[in-house]
Structures are given as structure tokens and as C-alpha cells.
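Please find the structures below.
Two complexes come next, and they have one chain in common, chain A, joined by chain B in the first and chain C in the second.
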Partner chain A sequence: MSEYLDRYGRAKSVCHRLPPRLKLLLSLAAITIGMLIPPAHWPAHGSLLCVLFAALSLARIPFRFVARRLAGFLLVVLMFGITVPLSQGFRGGWEMMAGIVFRGIESFLAGLWLVNVIPFDQLLSTLRHSGAPAILLAILAFMYRFVFVLWDELDKMRTARRARSFDRGGAIFRWRNAAQMIGMLLIRALGRSERVYGAMCARGWDGKLRTLDE
Partner chain B sequence: MHIPDGYLSPDVCAATGAVAAVAVGVSIYKLRDVLADRVVPLTGMMAAMIFAGQMVNFQLVVVPVSGHLIGGVLAGLILGPWAGCLAIAMVLVVQRFLFSDGGLFTLGANILHMAVIGSIGGYAVASVVRRFFRNPRVGTIVGAVVASWVTVVAASALFCLEFRLSHSPEDFKFGNLFALMVAIHSLIGVGEALITGAVVGYVLAQRPDLILTNAAEPRRGLISGVGRVTAAGTVLALCVGAFLAPFASQLPDGLDAVAEKHGFSELGRSAWSLFGDYNNLLPTGNWQSLSVSLAGVLGTLSVFLLAMGFGRAVSLGSRAVEAGRE
Partner chain C sequence: MTPAAADAVLEVNGLSYAYPNGRRALQDVSFSLARGEIVGIVGPSGAGKSTLLLHLNGLLPQRPQNGIPSSNGAAVRVNGLSVGGEHLAEVRRLVGFLFQDPDDQLFCPTVREDVAFGPLNLGLARADVESRIVESLAAVRLEGYERRSTLQLSLGERKRVCLAGVLACHPLILALDEPFSNLDPRARRTLIDVLRRFEGCQIIATHDLDLVAELCTRVLVLDEGKLRADGPTATILSDCGLMDRHGLEVPLRLQQKGGDCGRTDS
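Here is the complex of A and B:
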């Protein structure tokens, strides 16, 4: 899963050297501008897309990575967007859908640029310095820390299941199996959270997150 | 499932964002008393677990597409509504920043649909349904199944309302969109209901204490009786609206009919007194129907908040009585 996340966040480029808060603001600005351009102004949307692609290549994010992520995103957004012309008739519907898809792509690329020029922990500390609520950031940091652990746990469970069932069985069997896997993951995660909480208390946890950059 | 940027207009984004921010704020406030320094590890781990659990694919039988868990009701049942809401909200934030799933401006709407309706509303629906069963295990499973389906459909109904508010009312066929979205989401809801039911059933078989103690202890349950019924009623009202809208679309304006039905059946009197003169809100020709429905939404929310405050006052009173007895 690691390739999906902030894969190029720690690479080096002009964009990575910008101050963290400026990166956040730039990405927000790009999304806001995309929202403000009226749907039918295609040249404006096109030039915003050019700027975004230029920013992505300045950050030295490989085009294949962008294209693969964009393809996955487009699949979802088109499936979602097709409901508009289907329900609104094909005359005005297509234009409405095109506007939606363009804005979606702009927002997606701006987000992709942001996570790939700034590592997640730095993003969190930038947000903290900008005044976001500390408890939410602590939860996010905790979640980011343990989501990879749980993914590994899930992988182990999948391997064990494959070793036993050879991925055979009917639809009902598979569904029940998958649901049991989630249930098992849930039980293990809650148990782990108890243990981690105990360990955190033993190290003086008082509900406040402290980081090295303070 | 996640709404990308561009679907909703800025004002609708702002409104849904405000509601979502209030819901998250209330959740944090509620949790401070109950969980204190446990909030971070418990909610964070639950959020990570839901996030990881969404990687488990459920193969559909007929079409070569696979679905996955959404998790709002599951989180609500395990952690209680407030922590569940917080956990799902955090899942959505991480999905937005790391996966670019859903939009930045529509994040509020997504939190409203999946975390607030899913977790708080789902918890409310489940605990109302649970009362009809003697056996707590059967009641919990049936409640989880019903709540999952209802919350998915209610969220899609709410999305249609927001989409309608975002676009100009002329040459916009609201009924068609509603019928299509609700038809799709009632199928998705069946999937979510089956997954949640199976997971809850498994957890009940392995570690019943994780779910049942939550139901038995009113303090961890956290939503009082009145608030619970109100939340369930709001979610059900959206659901009922979802089914009425396609039929109501035969009328000149489907949404007005629904808003009126909401107004009369669910909002009660206070909505009329608070936003009694609908047209005063946005008094321009084309905006009339918009302001009616906006008033409907605002009315629903204000009644919801009032009921929550009322429920809190009642539960504080009863707690004081209990303390006095001890």
C-alpha cells in the first residue's frame, strides 16, 4: 500500500524546498480557483490544468505515477458523474458533468501535489501551527502511525486464509470469510489500542501530543 | 461514494462544512468527560481499523465489481456515537489528504453523510430497533443491519437535496436524479447492511463484551432517549423523503412537496415558528423553492439540536436524582 501514500513526500526538488505553509496555501489556492471558474470557461480550466501539471513535473513526480492515480480517480468520478446526464437529459447534462469532472481533476491534482511535496507528519505540524485543533491532529498522527501496522496484520490474515482455503468456496463462503476477517481485525485492533494506551500511560501520556520540532 | 469537488456550490459546501464542524466539535466535547486521555488511542485505532478494513474486498456475484465496508454504523456500535463519528471523520480526512478521495470543499458534506448520519444517526436507529427484541444479540444484529441500510439511503437522499440546492432549479429534473441515486444506493445499502451484520455477528460471537456492555451502560451509550429518537426520526425522515420524491416529482415541484411533508410530519411546530415565513429568507423569484428547502433543512437541524439539548438536560436531571439516592 505504501506506493499510494505520500510516496515522493521526502524527495528533493524546488517544490519540496518551499516553506511548508506556502505549499499548503498554494494547493488550497489552486482548488479554490478551480471552484471559482465557471463550468463553461474551458480555456481557464485548461490553463489551470497546465499549471498543475507543470507544478507536478517541477516536483519531479513521475508522470506514470500521476497517470495511474489519475486513471483510478477518473474511473470513480466518471461513474459518479454519469448519473447527471442520465438523470438530467443529454443536452444540458453533459456540460454540467464536464464542469464537475474538470473541477474534480483540478482538486485531485492539487491534492496529489501537496501530499507528494510534504510528508504527512510535516503537514500535521504545519496544520498545528496554523491553529487546527490539537486533539484532531493527535488522532490523525496516531491513525497514521497504526494504519500501516493494521495493513500488515491484514496481510498476514489474508496469507493465512489463502494457506487454508486456497481461495476456493462459493460467494457466501467468501463473504462470510471477508466479514470475519474484518471482525478479527477489529478485535485485534481494540486489544492493541488497550496495550498501546497502557504503554503510553507508562511513558507519561497526559492527552497532549508533543513533537520534536517544538 | 465520496463527493468530489465541483459537485456542490460554495454556499452548500459552507453550510455542510459548518454542520460537520459543529458535529465534530460536539463529539470532542462529549468525549472529554467520558474518555479523557483515552480518546486519542481508542479513536485513532478505530479509525485506522476502519481504514484498513476498507481494503477487504467483497466480490459481487452478478457483476465483476467489488465493494467494501463504509463502517459508520460499525464504529458507532463499537465506540458509541460520538467516538464513532470522530473516527469516521478522521478516516475521511486521511482519505482526502493521502488518497485524494473526495473533495476538499466537500469534505464537510462527506463527513455529514458518512460520519454524522452513519455513526450518530446509525447508532440512534440501531438502538431504537434494538428495543423491539428480547434477545440483545438478535436485536443488536438486526439493529445494525437496518441502521446500515437506512443510513446509506438517507445519505444519498441528503446528497440529492444538496445537489439540488447547488444548481439552479430551472430545467433540473430533481425527481429523476433522486430516483436514480436512491435506487443505486439502496443496492449499496444492502451490501453495507450484509457486511456490517456479518461483522457484528462475528464480534458478538467472539467478544460479546465489546458491543453489549456498550448497550447496557447508559453512560457509554451517550445519546439520551429523546435525542436518540430524534436522530433516528431525522434519518428516517430523509429516507421517507427518498421514497416519496420520485412519486412527488409528478407535481410541479417535487422538492417543495417533500419539504412540506418534512415540515408537517417531522419538524413539528418549532420549525414553522422559527422559519415561519419561508420567503423572507431569500426573497427573489427563482430562489423561492430553494429558500423553502433551505428552511426545511435548517428547521430539521435546529429541531435536532434543540432535542439534543433537551435530552441532555433530562439526562443530567436523572443523573442528579441517581446521585441523590446513592
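Here is the complex of A and C:
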């Protein structure tokens, strides 16, 4: 699970050999361009997507790996995106929704490319040297560390549920179970956060972030 | 067996604690530890072992309940300093706490950064921090692991990195909460060897009684939040009646030496 997003961060390719700061700039540039292209300019969005897929291919990141992560991301974006035509009216709403989805995909692919051409600790170090706020970096570091721990907990709960659900079907049954699991996960996450805070205090944490790169 | 107060590096006097839901976790617990002593805390699950350890470096908040403090920080003194208030930072440096679940303790992306967390918070110079990283990883036999991701370590390695992070602060006392749980025999043996080389005081809360028999010189039996027994390891652990009353079993190595406790299991 720990390699879910950045499995190819330490692989070797032309993209991996680029200077870390250039990788960061290229990724940010792709996200910015995607945001600046007006929603209805589909050829421009299409061209940017082609460039991003070419960059992913150049970095030797398998298409299947990208497609699976993109599918998960699309599910979430569409879930929120669908509220736009419902609230703004269908004629203009669909276009606005398509714009949100396209920009989301472009940003996601640019981010996916970045974390797969540079190991995460080096990415944090590059961000730090580029002047990113320390608190943002601390949040990113914690998120990277604990999203996988929580995912593993969710995985264990899913396995335990499967072991005792006896293939009992029904969408309502499954959705109810999923909601219960998400609730439990939130409670566990809260417990985990308290324990982690205790562990930080035990090693002298006083609210000020200090790093080796300072 | 209890050391005189003058020699004690840790003194616990009449410590009581209740959780916010009102459950009494500790009731009038008193003991002290002398320099270099290795003490095991044993007892059934829910006896208050972890709660006791959490008090040693002030990790449990002292919430007043109906005007009465749920625990008394002054009841715990480390190297003469009361836990809490102005001494809290120094007490936390003196008492190195190893949590049961290494995922609670490893919060940095790389091993190097995680081991450096404590020394950086102590305000040490960069060169000193670097030397402590190398020294601590060598102490836990993980030389060369500096650049490894904390996500890609085995459970045994994660526990040892946690211990390196604690050792890097040069503690006087190690408080270890179930350090050997879920470890395979090789990882367990490695960790035992690492702990043997630590020259300070150790207080180990564990269900692994064979380990207590091997490593500890003294044992405290805790049950329902009360200290039920305190004495030399061999005496306590081979007392069949005492062990049975508190949901424990005489370790195998002592059963072989001291009889079978009258068991007639078929």
C-alpha cells in the first residue's frame, strides 16, 4: 500500500534525471496552464492531456498504473462535479462540470507525474528549498505517512467484513456497511492522531517544526 | 528491594488516576527505581500498565474531576524533578518512551528525519544531531538505514528505529510499552540484545513473562490499577499463587526450575 501513488519515484528514466526543482516547476506549470485554459477550449485541454500522457510515458510509468489511479480520482471528482449541473442548470452546468473535470484530471496527472519522478522525501526537501511554508511541508509529510497507515486499517476492516458478511448481497446492505466502516475509520484516525501527538510530545515537540535542512 | 530515595532516579508516590469516563486506572501506586535497574511491569490486560508508563513523562493530562485532580503530577519524580509544569521538557528528555505501536511513533518520511526529531527539539547543533543519528542507528544495529523510508520497514525494524529515535535523546530511563509484541523470534532476540546494552534504567510493561525472567531484575505486579507485588524477578514470577490470582502464568523457564505449580493439565 505504501507505494500506491509513488511506486516509480526511484525508477530511472529521462524524467527522473532532471533536476528536482525543474521537475517541480514543470508540474506546477502544467497545473497552471490547465487552470488558465477556459473551460470550453476543448482542443487546448486535449493537447495538454496529450502532453501529460506523453510525459508519463517518458517517465516509464505504466499506463495501467495511471489508469487505475485516475479511475479512483475520477470517481470522487464526478461525485462532486455532478452537483454543478444540478445547481446551475443543465445548459451551462454541464460545460462548467466538464471544465472542472478536465482541470482536475490535468492537475492529477501533473501531480502523479511529479511524485513518480522524484522520491517523496526529496520532493519535500525541494519544496523546502523553494521557500514553501514549513507548516505546509509538515502537513504534507504527515499526510504521506499516515494516509497509508489509515488505508491499511481500512483494508483490515474490509477483510474482516468480508470474512463475516457471507456474500450477503444488496446495495443497501453494502452501503450501510461502508458507512459504518468510514465512521469507524474516523474514530480510529482520531485515536491515532492523539497517540501520534503523545509520541511527538515525548520527544520534545513544543509546537515549533525543526528540520535537518534548516 | 525498593531503593532508598537518595539513589532513586524515579519515584512514584501514591499515584492515582481516573480516565474522563470515571474509570479508575491507577490507585495509590508507589515504587521507586534505582540507577541501572531493569524493572518489568506485569499484569492482565487493562491492569493500568500503559497508563502508569504514560505518567512517567507527563503524557496524560491532569484533568480535575469535581475539583479533585485525577492524577497528581507531584506523585512522580524523575531524577528529583516533579513531572509537569516547568520541568516537563527536561523530564521528557530524561524518560525515553517507546510506544507499543511503532506506527504511532514513526511520523517522518525517512529514518534519518525521524531519529533526528528528538535531538532537533533539544536544540542541538546540526553536527551533533548528525552524530546522534549515526550513533543511535548503530546502537540498534540499523547502520546505513538513514535514507530508508519509514513506510518500507519490517515491524522489527520499525520498532528498532523507534528505539533509535528515543536513544538519540540520551535518556536516563527507558519506558517501554509492550516492546516485543508481534515480533518474530529473530526480531525479538535482536531487540533484547539492544536493550541489554543500554546502561540506564529500564521499565518494561509486557505480557512476555519469559522475557521479564531473562531481562529484568525486579518485577511489579499491577492488577485493577493497584500495585499487588514488588520484588525480585525469580521470587515474584515463581510464586504460583500470586501469578494465578492476577491472571498470569509462571514462565516456562521458571516452571522447569521450580516445579509445575501443582498443575494437572492433561
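Before moving on, here are some points about what is shown:
Heads up, the rule we're going with is that the second predicted complex is superposed on the first by the 131 of 214 C-alpha atoms of A that agree within 3 Å, B and C clash if a C-alpha of one lies under 4 Å from a C-alpha of the other, contacts with A are read in each partner's own complex, and residues count from 1 in each chain.
The rule we apply is simple: contacts are C-beta pairs under 8 Å (C-beta built on N, C-alpha and C of every residue); 3 or more make two chains touch, one makes a residue touch a chain.
Quick caveat: nothing in here was measured; it's all calculated off a predicted structure.
Residue contacts after overlaying the shared chain place A:A202 against chain C, while chain B stays out of touching range.
Of the two partner chains placed by the overlay, only chain B lies in contact with A:L28; chain C stays clear of it. By the document's definition of touching, of the two partners only chain B reaches A:G183; chain C does not. By the document's definition of touching, of the two partners only chain C reaches A:T211; chain B does not. With both complexes superposed, B is the one of chain B and chain C in contact with more chain A residues.
Once chain A of one complex is fitted onto chain A of the other, the partner contacts of A:R69 are limited to chain B, with no touch recorded for chain C. Of the two partner chains, chain B and chain C are each touched by A:F120. Once the two complexes are laid over each other on the shared chain, residue contacts for A:W151 go to chain B alone; chain C is not touched. Shared contact residues of chain A, touching chain B in one structure and chain C in the other: 120, 141-142, 144-146, 149, 192, 196, 200-201, 205-206.
The touching residues of chain A, when paired with chain C in their complex, are 2, 119-121, 124, 141-142, 144-146, 148-149, 192, 195-196, 198-206, 210-212. Residues of chain C touching chain A in their complex: 54, 57, 59, 89, 92-93, 95-97, 99, 101, 103-110, 112-113, 116-118, 120-122, 126, 129, 147, 149-152, 165-166, 169. Residues 3-7, 10, 24, 28, 36-49, 51-53, 55-59, 61, 69, 74, 78, 86, 90-91, 93-94, 96-100, 103-105, 167, 171-173, 176-177, 179-181, 184, 194-195, 198-203, 206-207, 210 of chain B are the ones that touch chain A when the two sit in their complex.
Against chain B, in their complex, chain A makes its touches with residues 1, 4-6, 28, 31, 34-35, 69, 73, 76-77, 80, 83-84, 86-89, 92, 96, 99-104, 106-108, 111-112, 114-115, 120, 123, 133, 135-136, 138-147, 149-151, 153-154, 171, 174-176, 178-187, 189-190, 192-193, 196-197, 200-201, 205-207, 209.
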